[in-house]
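Several structures are given next for inspection.
Presented sequentially are two complexes of chain A, the first with chain B as partner and the second with chain C.
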Partner chain A sequence: MGFMVKSKNLKYEYVRTFEVNNETRTETFLALNNVNIDIEKGSFIAILGHNGSGKSTFAKQINALITPTEGTLWVNGYDTKNEEFIWDIRQSAGMVFQNPDNQIVATIVEEDVAFGPENLGIEPSEIRKRVDSVLKAVGMSAFKKYAPSKLSGGQKQRIAIAGVLAMQPKCIVLDEPTAMLDPEGRKDVIETIKRLNREEGITTVLITHYMDETVEADKVIVIDNGVVAMEGTPREIFVQVDRLKSYGLDVPQVTEVAYNLRKQGINIPADILTPEEMVSAVCQLKSII
Partner chain B sequence: MAKVALDDITLEINDGEFIGLIGHTGSGKSTLIQHLNALIKPTSGEILLNGADINADKTKLKTIRQKVGLVFQYPEHQLFEMTVYKDVCYGPTNLGLSSDEIDKRAKKALETVGLGEEVYEKSPFELSGGQKRRAAIAGILAMQPQVLVLDEPTAGLDPKGRDEILNAIKEMHKRLGIIVILVSHSMEDVARLVDRIIVMHQGKIAVTGTPKEVFGQAEMLESIGLAAPQVSYVMMGLKEKGFDVPADVYTIDEATEVLYALLKQVK
Partner chain C sequence: MIRDITIGQYYMVDSPIHRLDPRLKLIATFVYVICLFAINDIYTYSFSILVLALVIAASKVPLKFIMRGIKSIFIIIILTAIINVLTTKGTHVLYELGWFTVTMEGVHMAAKMVIRLIMLIVSSSLLTLTTTPIQLTDGIEYLLKPFQKIGVPSHEIAMMMTIALRFIPTLLDETDKIMKAQQARGADFETGGLMQKAKSLVPILVPLFISAFRRADELAMAMEARCYHGGDNRTRMNTMVLQKTDYYAMAVVCLFVVCIFTIMLVM
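This part shows the complex of A and B:
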């Protein structure tokens, strides 16, 4: 299996401008420092990190919205620093941002989804086919004639995802797609993302603050201060409760309960991630008595 | 066609209560809070503040809005002054207070939300997400409201920013003794902070009670698009398996205690 995204010693610096006592000053800020990340084709990767850790900066690199100051990033085999490939890269990796209202351009759902492929100069009949199929994929077919403004946050976000899918990307990068949604909207969006990964084989990079959304990821990467601080399966990552907290992150409630119990000498597995796992762990321990 | 956004809401909030208001998008919770400081008038019925109808006298609206402070979602979008200190002074200045009083109020409000002197002269835009939001809350506090309503104050923040805000709100409630109404999607956050929960659904109050009473009804919460905190589901699962555990456990500490008692012989 090849890599969809691969970074080698990636560094990214930018110049920050700010005002102190009415004077404009600038300073160079190292947002990503020597980042080596490999994302396999078809995998589901979650990236965690507190605000300002550099995780969104990395996401923007995947879409070549920004390019490395030093080192290299390959997306679908294309070096993002080579401007010749910029459209190939952006078609390979689509992005979904936090606020759905900033990503919707048309006044009718199906026209919004058609916007991307229209700009690629695709045949109208093919666009029709794509729009219908991606709206079905995100479970929004019934809303194709609606005005996006009449939809809930979760529905709008699924329209934004459909708009990206209509470009037929190989990889989709979602930067906190559920941060502005209510629990139901979050669930719908996350289920849609997981299904697309599983059924369509789209490489998925999910950036989030919600740990429970990352439990089923193939790999979790924690970015802190611009460096890769942790990398592993969700189980390998979440058992390190103290370390995650030191990076300003959370663990699922049940994982923290297991951690507390272990500290008090109870021999319960540390890698409990869901309520069901906790229930069966307790049952198992009790059956020993 | 007229749509009924709120239907037959009868509700009393006592002095000093800390209320959690929950409900999914479109349940009517934002409409309800906008009634509390007369931004929206009820089609029928009335809202009493200290026993007086807030919509009875239009000339008193300014006082009502000073008494009932409303912190909207993403309040940091409303920061506009050159410095944090000036921004917090804006409200009291418009009340026509003396400059000494304005200074006193601004400093107290900033201290209450945990922002020290080192940020006074900073531009609000230099602050972190959590700090910006606390500065915006301080701006409302400086008006010395009797009721403070916060609409999803943690939306979009990372766990650290979220904890900063929630701790500031908790501390503020403790110190000022005012009514705090926290609108939230996060059951975990509400569970560890509030005295009483009001659950809205389709413009009505679906249920109200202490966190224990409300989270004990996980199935009902799910039927209206909400969920109980994660550990509640552990307790329900254990009960189904025949274990004698309380159903109304919703915080990490309580769950640890209950499970420890259950498992200590295994040690």
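This part shows the complex of A and C:
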């Protein structure tokens, strides 16, 4: 199978409790409704959606932290509902969470990176090799003896990525990994992710609400109210500015500028995604005048 | 600033004692403490003190740091001394004080107890001064492993200690933030009596607990995502291997025990 992740009519329901006027009520909530998503091996997929759209729920499904109520999800060929394969699934699809503080277990960087392989029961000498090489891959070798509490948010998030990489997964799912970081840390983390996808060929599923991070993705999937609302290349998705806005999403800054310029009657391509493209489009415009 | 606190009282310096295997240090401390309760006469006392002094010298930890531990239990030491002096019955009466009589035996007993207590504290703080909390955790996990059969959760205890150590700085940071946030809204933690101060802690503790539970929930999920399934079939990257010096140290510990008992038998 050429697919890393494949979902068929995936549904996920959960019961949520809430309080109204000191009264506890429960209701079943359909977080994912008939989701069909295919993610090819080695690709870089971005999943967009506003808060509560179901995008994080889908991420947790890939790691078998939750399993479908109806429908099926295959990860690396394993059915996530089959308990027997749960460790194989979690080993082949690693997950990085939003809050860097709440996913680091050990008190020393290298010990934390070793946590995953230790759980898999790998030989100590092999763990040592892996830890050294993944710390190099995320550019954190110099910090291997540090306490995580002494690192910045971006550095901690790169350690979390290294911790997942040390399990040698085929796929990494990142659930809003940059949401709590400053711009500098965000840049470091995104660059690391992109490089790993390019150089190591690891399938990457990036869940985010920063549009600029998704521009280089192979495919963008928009989830709204538990259903796949849009699917396509970034260029195909981001030209539909009005539709994206109706889902409570933004477009990359330069795309928005192009959109507004076109509204003003200036003849500029609608599918501009990067500042470089914008510069060349504006320059061409100038040469015509 | 709050980030720079060191957990435990580890004193960082390179010494033969620091380099010893944590398991060996734990056992040695345990053996030494047991011996402290067995010794009874001037010869064994002086021998134990001499050995402890030699170990302290080898550890390169300044005496100031070692004495710090005694300071914190100073009141207990004084109380022990007073109780022993007043309650021990004997024949050589030195002084009579109402219902109590101070005897020569009482004074001897008090001196022995105080010295014993001080040595107890010094030897155990020497362990924590020369071993990092992480090494201690690993050592405890290893030493408790044989007791797993009778239901001692050795891996779980070690994992809990690790997570606690990992989250102390994080939660301290958080406490600091919550305090500042409450102060910005006019909370007052400084004035008032004891009750008032205790009450003013509630607005700090409630958010802190809520956030700690949320963190615990997320951490549990992150650990599961990284294939954590308890201590079975788990390996460790850093395995503890006994070095040549560890064997020498082991011989020293055995020699110490033999000497103590020989002295006790001969004298």
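Here are some notes:
The rule we apply is simple: the second predicted complex is superposed on the first by the 288 of 289 C-alpha atoms of A that agree within 3 Å, B and C clash if a C-alpha of one lies under 4 Å from a C-alpha of the other, contacts with A are read in each partner's own complex, and residues count from 1 in each chain.
By definition in this document, a residue touches a chain if its C-beta (ideal position, glycine included) is under 8 Å from a C-beta of that chain, and two chains touch if they have at least 3 such contacts.
Worth saying up front: this structure is predicted, and the values here are computed from it rather than measured.
If you put the two complexes together on chain A, you find that chain B and chain C both fit without a clash. By the touch criterion defined above, A:120 reaches chain C but does not reach chain B. After overlaying the two complexes on the shared chain, residue contacts for A:30 are found with neither chain B nor chain C. Shared-chain residue A:91: touches chain C; no touch with chain B. When the shared chain is aligned, chain B comes close enough to touch A:18, but chain C does not. Look at A:268: by the touch rule set out above, it reaches chain B but stays clear of chain C. In the superposition on chain A, A:111 makes contact with chain C only, while chain B stays out of contact range. Superposition on chain A places chain B within reach of chain C only down to 5 Å, the least C-alpha distance between them. Chain C makes touch with chain A in their complex at residues 3, 133-134, 162-163, 165-166, 169-170, 173, 215, 218-219, 221-229, 233-239. Listing the residues of chain A that touch chain C in their complex gives 60, 63, 65, 87, 90-91, 94-95, 97, 99, 101-108, 110-111, 114-124, 127-128, 131, 147-150, 163-164, 167. Every residue of chain A that touches chain B in the complex is listed here, in rising order: 18-19, 50-52, 98, 152-154, 176, 179-180, 182-185, 209, 212, 248-250, 252-254, 256-257, 260-261, 264-268, 275-276, 278-279, 282-283, 285-286, 288-289. Taken in their complex, chain B has these residues touching chain A: 24-26, 123, 126, 128-129, 155-161, 185, 188, 225-227, 229-231, 233-234, 237-238, 241, 243, 252, 255-256, 259-260, 262-267.
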